[in-house]
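Next up, some structures in structure tokens.
Both complexes shown next keep chain A, but they swap its partner, so chain B is in the first and chain C is in the second.
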Partner chain A sequence: MPAYIARRLAMAVGTVLAAVVISFLLVHSADGSPGAVALGPSGTPEAIAAKNHELGWDRPLVTQFVDYLGHLVRGDLGTSLIDNRSIATDLATRLPVTGFIALFATLLSGVVGVVVGVTAAVRGGRFGKAITSSSGVALSLPAFWVGILLVYVISLQLGWLPATGYVNFTDDPVGWFQSLVLPVLTLAVGGAAIVARTANAGMRDALGQEHIRTLRALGTPPWRIRYVHALRYASVPVVSVLGIQFIALFGGSVIIENLFALPGLGQASQAAVSAHDFPALIGVVVVATVVVVVTNLLLDLLVAALDPKVRAA
Partner chain B sequence: MKRSTTLGRMAGPATRRRVLVRAGGAVVAVATVSTLAACGGSSGGSGGGSSTDDVTIGVDSDAAANGYDPLLYGSAQFSFFAGLYDALFVSDADGKVSPSLVTSAENSADNTQTTLKLKDGVTFSDGSTLDATLVKQNLDRRSDATLAAYGQLAGSIKDVAAPDAQTVVITWNTPQADPGTALADEAGVIIGSKGVSDPASLKTTPDGSGPYTLDTGSTTRGSTYTLTKNDKAWNADAFAYDQITFRIITDDQALANAVVSGQVDVAGQLDPTTVDTVKSRKSVTDVGGTIFGFPVLDKTGKTNPAFAKPEVRLALNYATDRDALVKLHPGAKATAQLFPAAATGYDASINDRYAYDPAKAKQLLAQAGYADGFTIDQTVVGQPSDDQIAVQKQWAEVGVKLNFINATSTDAVFAAAQTQPLAFNPTGFTVGTNPAGFVAGVLYGGFMNLQKATDPAIESALGGALGGSGSAKDDALGKLNAAVTDEGWYVPLYESFISYGYDESKVAEPAISPTYGYVVLASVKPAS
Partner chain C sequence: MSVLPLPDADTIAAEAAPTEPVPPAQRRRGVPGFLRRPGGALGAAWLVVVVVASFTAPLWRPYAVDEQDLDHRLALPSGAHLLGTDPTGRDVLSRIATAGAEPLLSAALTVLVAFAIGLPLALIAAERGKRVEQVISRVTEVFLALPSTIILLALIGVIGSRMYIVMAALGVLISAAVYRVMLGVAQSVRQRLYVDAARVNGLGSLRVNVVHVLPSMATVIAVQAAQLFGIGLLINAGLAFLGFGPSEPQPSWGFMIQDASKHIYDDPWLLVPTGLVLALTVVAANELADALAGKAAGRDERPRARRRAPLRTAAAAAAPADPANVLEVRDLSVSVDGGPQLVSGVSFALRPGRVLGLVGESGCGKTMTARSLLGLLPDGVSVSGGVILWQGRDLADLPEKELNAVRGREIAMISQEPMVALDPMFSVEYQLVQPIRRFRGAGRGEARRIAAELLRNVGIVDAERVLASHPHQLSGGMAQRVAIALALTGEPKLLVADEPTTALDVTVQAEILSLLRALVRDTGLSVVVVSHDLGVVADICDDVAVMYAGAVVESGTAAGVLDEPAHPYAMALLAANPHVPAGEPVPVRLASIAGTVPPPGSWPTGCRFAGRCQFAQQQCTTPFPALPAHGDGTVLCIRAAELSGARWGAVAVGAETVPAPAASTLTPPTPPLPTAGASR
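Here is the complex of A and B:
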């Protein structure tokens, strides 16, 4: 296991480094320069050149990259060209918004999906078919449409929850919970359907395995066979799907953040792109990559813990 | 109780577990629904009632996307910056301009010089105080092309002098009869000494003398800006709330949802498609004043001989199906006149007089010698707008071909104004509450009359509208409005409205600047 962890860690670091290099090169190959962005249309070529010099943009690319990397390992993502704010500080306030929504949506879709999928596999028959068809319907519903519908019913008609906005946990825990419910539900509907289908297929496969039949023959109680042995076998694909789900929800947060007016990473990336704020854009890419890589790492470790075959591979 | 005890004793472990799970689920469900229902959707908006503690205003674009230099922005952001900064003059809810940082303004006899006397005791957040040198320093930034707030003012001012600490003398390039309007709101904003000397500092720190200061701890750029009352400000009493939170909600539907479900107390500008949603649960206030249409640039026939004939210009009015056009623009109202519906001089009968009548249009064209129609060239950047395309089809029915020429820059469109008879602005022309001023400065005496055409009816009515008073002035305004349409100087399409939603149980109806369409911040007050 330690060798496996070491391999995965090395891969994770390599992935982050590759993402930093690619985003750094892409930004440097784009039209314009930070001096031109900072000074705006009124900047004379001389003033822009001076500003670029001040920002170090005219240094060799390798020198700039090494410098950036040096700051990055110290948690310094630089300052915004638009308003000089610390990018790390700004993203630190936004990360929890996107992170909590993606995390809770993943957890909720995991719980609901596993319960529904496993129940359908265990009970089978009409119930199983009903679950399969309804998960198909849930899967085909676009998240933004689900969000609009939830806002209309729960916020506008019933007045139970806020339609927009995010409240910090430290300011108001109840308000924080309320502000997360609708975005999380919006994302969890499709997610739960995917997990339900995966859990259902995994469970049915597990219940037909030889070791499960042996356990039955040995008189092991049915609940233990289903919810301990078979579920453990079925959980490997479910965990993989949940990990992918989290990454997809995290990356696809822009639409949901717009719909619910949430100050998350999606909003920050949109603003950085439209303002040509190069350092902020690289910052968002780096933070998002780190989150994805860490999630993948945890996922790999969890799968390895569940499935010895993975560790041996 | 007895029954459940019996059941508990009789049931096996599996049944007991199921009962427990279901009971637990029910408790969680009830608790969750109770929490949600009890707390409702009230988080976000102000506390409620008619408290002056705080108010939340939802706005549809980032109020400070490029930092806190107010001069970088146009009128759309002035609601926000009016909290942090003061201007030399400010316009009120009726569009009337009054002194703010000045106590008096006097023009020279030929209107080429304005002498301003400054208010005493105005302090900025950097500790500096208002004086003539500071005002001069501010206005001397006008040549910076990135300062959108200055707009036309940049080219209007020839020189700014500060003969003494309280006196500023502005020399104009051309006579300026109404200096207050030129120096009002965003164009007249004054920044403190530190900010004006080092504009880069304004990227992170505002430097104003306004009634509020920025609470950076409660501000998330691009999302939420929190302003806290500055009780030391000279005009603090004019603003009702101790705290104002501006929430940036760029999605049109989300902005409407926010005011409907109570996360914001005032929201705008509402997209026209969401106005009915807001009206169904909260209140909406709106202001018109933007008239979409085709100004007839050439009334002499220099660029297109057909336009020398008034019959041709009127034929275009009759050939325009305005009721069909407004279906493309929810909330807009068809109009056949230049004056907005709320302006003095507006006459509903003009709309009936110039109702869609293609037969009449053909008759007028034949009368003018264009029975077979003619072609009008119009330069557009990129693609023509939906309005232009719709009008092209309507005019084609009477034989008038509207021929679009694609340009790649707005400069090409401005250049085309010299050689083409009609203009069109896809965002409309703001006629506002002073349509006589619009006629004098734009339609008759400005860029919409490049051939310097004259018209006795318009000129006579304009004289009365600008120089008269009382009922004589009102009468002249009516005549002016009628003359502009009757002489075919403008082919109006529709009037658009700017709408704001508000929660009438918490705030009184906010006033909207009729000229610029932003909420007048001082007018945001608790419901009585």
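Here is the complex of A and C:
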């Protein structure tokens, strides 16, 4: 178990480092420079060079990288080239928006996907067939298009929820929850379909295992065979897929935030991209990677709790 | 960008592995299998339409992409504008068609880059062994854990909306997923013998890969390419939706949907055409992938409930059971639903405290017979005739619920593979305590005490340690002991043991057999043992039923059948058995039985063994009834009386089947002894 955790932890640190290196190299291979971005089209070459020197951009790459890592471990992501605000502070206020959307969407996909996939595997027949084919369609739909259709039906036609916008939790918890419902639903359509497929395949696989026949030969009640033994066996691939899903949903929420006008990481990255705000770009990549990596670490622990073989490894 | 994950490697590899042979009826010349599934055919057709329409758009589109019809803004479909117009009066159909080429090409580029990196890496890792594989695998794991959408956005922030570069970068990120899937396939292909053979024959590594490995991977490659193509389309459209696609007036699907979202109040129709074309194209790619993987939606829909064929003949049920027998099987037939018989007209009886062996080669119906005793036949197979009389009831005719009450409590089973017979996710303690509580109504503490006692009864000394273990921590012999303890939790009267020692080491086999013998002696348990090993039968069985091609060809006491086999098949089995009785010389040649067991559905009329029998004659092709033998037993051979005392010869079966006189084949020919100098 300690060896397993150490390995996953090393993996996590490696992933964050890789994200920093990749974004760092990206930004430094750009045609422009932060000085040019900060001063805009009015900046003279001399002024831009001076600004770049002030930002330390002309130092050797390795020096800058070590310097960046030093600030990073203290939670300092630098300042925006556009408005000089602290990137860490800005992203800290945005992270909960994206984080909760991705979290809720993952949970909803997990619950709905497992229920649907397991039911389809247990019941089989026409129901199972219908589930398999409809999940194949659901996971192919572009999320942003599904989001607009949901806004059209739920907000415009039925008037149940506000179409767009964000309410702070501290201002109005109910309003906050309402503002998250549509984005979460939007992302969960495809997410649930993928989880359902995995749960279905895992459950079918589990029910065909030799140890299930042992249980049947002991006259074990069918509910116990299905929902204690087979489900636990099938839960390991499902948890792995949830980890992959969280990464995908976190990225997916970037687009969804644009659609629903939510002040999350997505909006920040879209703004940073449009403005070529280099430090902000790196900041978004690093923060997103850390969140994804931490979530996957937690799921690794869950897998270890479920599967004794992993614990022993 | 999309909610699609990088595809789960193991799932794809498992789904795509060409495990199911295509039934001959489905194989038609010229039409590949995947196109014969509706999803595959429709998906492929839609993709062809979209590709052709997109790349020929400039030739046929009714309007130029920026041609504005200001009198008809946000128009619904009409003769002039088949799919309506956008907010500035531009023709939606023309714009959708024109926009198609870019996402199709970029998604193809993503797939191409992903495979150009992932595939060679997988081949190298599969070939170069563990260390190289681990290094590459660790690196790709990091790539898989990166939030690729956000990294792509950062890339756009640096280089601008140069979509082909961005989509190529996506290919680099996704190559990690390609690598994972391909590595699994490449490793399993490499394990096949012919790849080794090719290497031994001196083919270079590149040629081995190109000639032998890659073709075997073609299906999986096609499946994954189709799936990644769909993902590429979604991500491309998502970026365009954010405004990072081709810039106006050049249309893009993503941005057209963004545009439509702003007019959701005054023209919701505008959402439909573009969104539908995009969605259908991705659906088509995924359906194609499913069809390529040989996976029609919801395939493999076999009946789940135990179903009995309606035409069960219950003629044999009329006679009352002999009270001396604990179990009586009469005229039992087992069939594939709507298919051939697997077991036909099998009868045997078992007295309390005795051990019955069902012996024969693989494919003779032994296991099916044994499993029918507990109603645990595989899906799609059921009892089609006869009765299984147990405690005054016919098990073959019992409702599932009542049958479930018999399982474990009255009849228990242990199976062939102890290592997979126990649930890997639960401790031994949990697996034992749970049925003990159910069967004996014991509390948790009491059940645990009984569990430890049961383990000690099956010869496990450190019961406490084993209770705390999980199955993967046990050896094969230990796991089989636990499985036997598990079978004893309900204090059954009958134990069905399906090849209980086949998967074990020889020394462990002897231990398990002596354990079974002790259980029979101490508890009065009756046992049905399925085995192909006459040594096992000689070791623990009181009675034997020899099965061949779904039928019992000889039955009787073990001593009778083994000492004086009456059926040529039993003689042949004995002659082919390497166990040598004490006091006899080791034979230099063992007899073999030429040919194979005829598969179900192609059993000959008359004697089913005739085709392989040294003693077969013309008369053997006519049906005949079983004759009494060995006291209570039977023999199913029309020449049984003539062949009494005959012996299966250690010679190949020739075309002519003149029965050799018994004495002539008794002594095996003596081979010349090699002399010391002969080999020089």
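Following the convention adopted for this analysis, the second predicted complex is superposed on the first by the 309 of 313 C-alpha atoms of A that agree within 3 Å, B and C clash if a C-alpha of one lies under 4 Å from a C-alpha of the other, contacts with A are read in each partner's own complex, and residues count from 1 in each chain.
Basically, a residue touches a chain if its C-beta (ideal position, glycine included) is under 8 Å from a C-beta of that chain, and two chains touch if they have at least 3 such contacts.
These numbers come from a predicted model, not from an experiment.
Aligning the two structures on chain A places chain B and chain C in clashing positions. Legend: residue contacts after superposition of the two complexes on their common chain; A:Val174 is shown touching chain B, with no touch to chain C. Contact comparison for chain A: of chain B and chain C, C touches the greater number of residues. When the two complexes are overlaid on their common chain A, residue A:Ser29 makes contact with chain C while staying clear of chain B. Look at A:Leu61: by the touch rule set out above, it reaches neither chain B nor chain C. By the touch criterion defined above, A:Gln267 lies against chain B but remains apart from chain C after alignment on the C-alpha atoms of chain A. Looking at the shared chain after the overlay, A:Trp223 reaches chain B, while chain C stays out of its contact range. Of the two partner chains placed by superposition, only chain B is touched by A:Arg85; chain C is not.
Contact with chain C, but none with chain B, is seen for A:Ala18 once the two complexes are overlaid on the shared chain. Of the two partner chains placed by the overlay, chain B and chain C both lie in contact with A:Val151.
Contacts of A:Gly165 after superposition on the shared chain: chain B is touched, whereas chain C is not. Here chain C runs into chain B after the superposition, and of 166-174, 220-228, 256-264 or 418-426 the stretch doing so is 256-264.
Overlap of the chain B and chain C interfaces on chain A: residues 148, 151, 156, 258-259.
Chain A makes touch with chain C in their complex at residues 11-12, 14-15, 18-19, 22-23, 26-27, 29-31, 120, 124-125, 128-133, 136-137, 139-145, 148-149, 151-152, 156, 187, 189-191, 194, 197-198, 201, 204, 209-211, 213-222, 224, 229, 232-233, 237, 240-241, 244-245, 247-252, 254-255, 258-259, 265, 269-270, 272-274, 276-278, 281-282, 284-285, 288-289, 292-293, 296, 306-309, 312.
Those residues of chain B that touch chain A in the shared complex are 14, 35-37, 39-44, 62, 64-67, 144-146, 200, 203-204, 220-224, 247-251, 253-255, 257-258, 260-263, 277, 281. Chain C contributes residues 1-6, 8, 10-11, 14-15, 39, 138, 141-151, 153-159, 230, 234, 237-238, 241-244, 254, 257-258, 260-261, 264-265, 268, 271, 275, 278-279, 282-283, 285-287, 290, 297-298, 300-302, 304, 374, 376, 404-409, 412-413, 415, 417, 420-427, 434-435, 438, 470, 472-473, 483, 486-487, 489-490 to its touches with chain A in the complex. Against chain B, in their complex, chain A makes its touches with residues 40-42, 82-85, 90, 93-94, 148, 151, 155-156, 159-165, 167, 172, 174-175, 177-179, 181, 223, 258-261, 263, 267-268, 271, 275.
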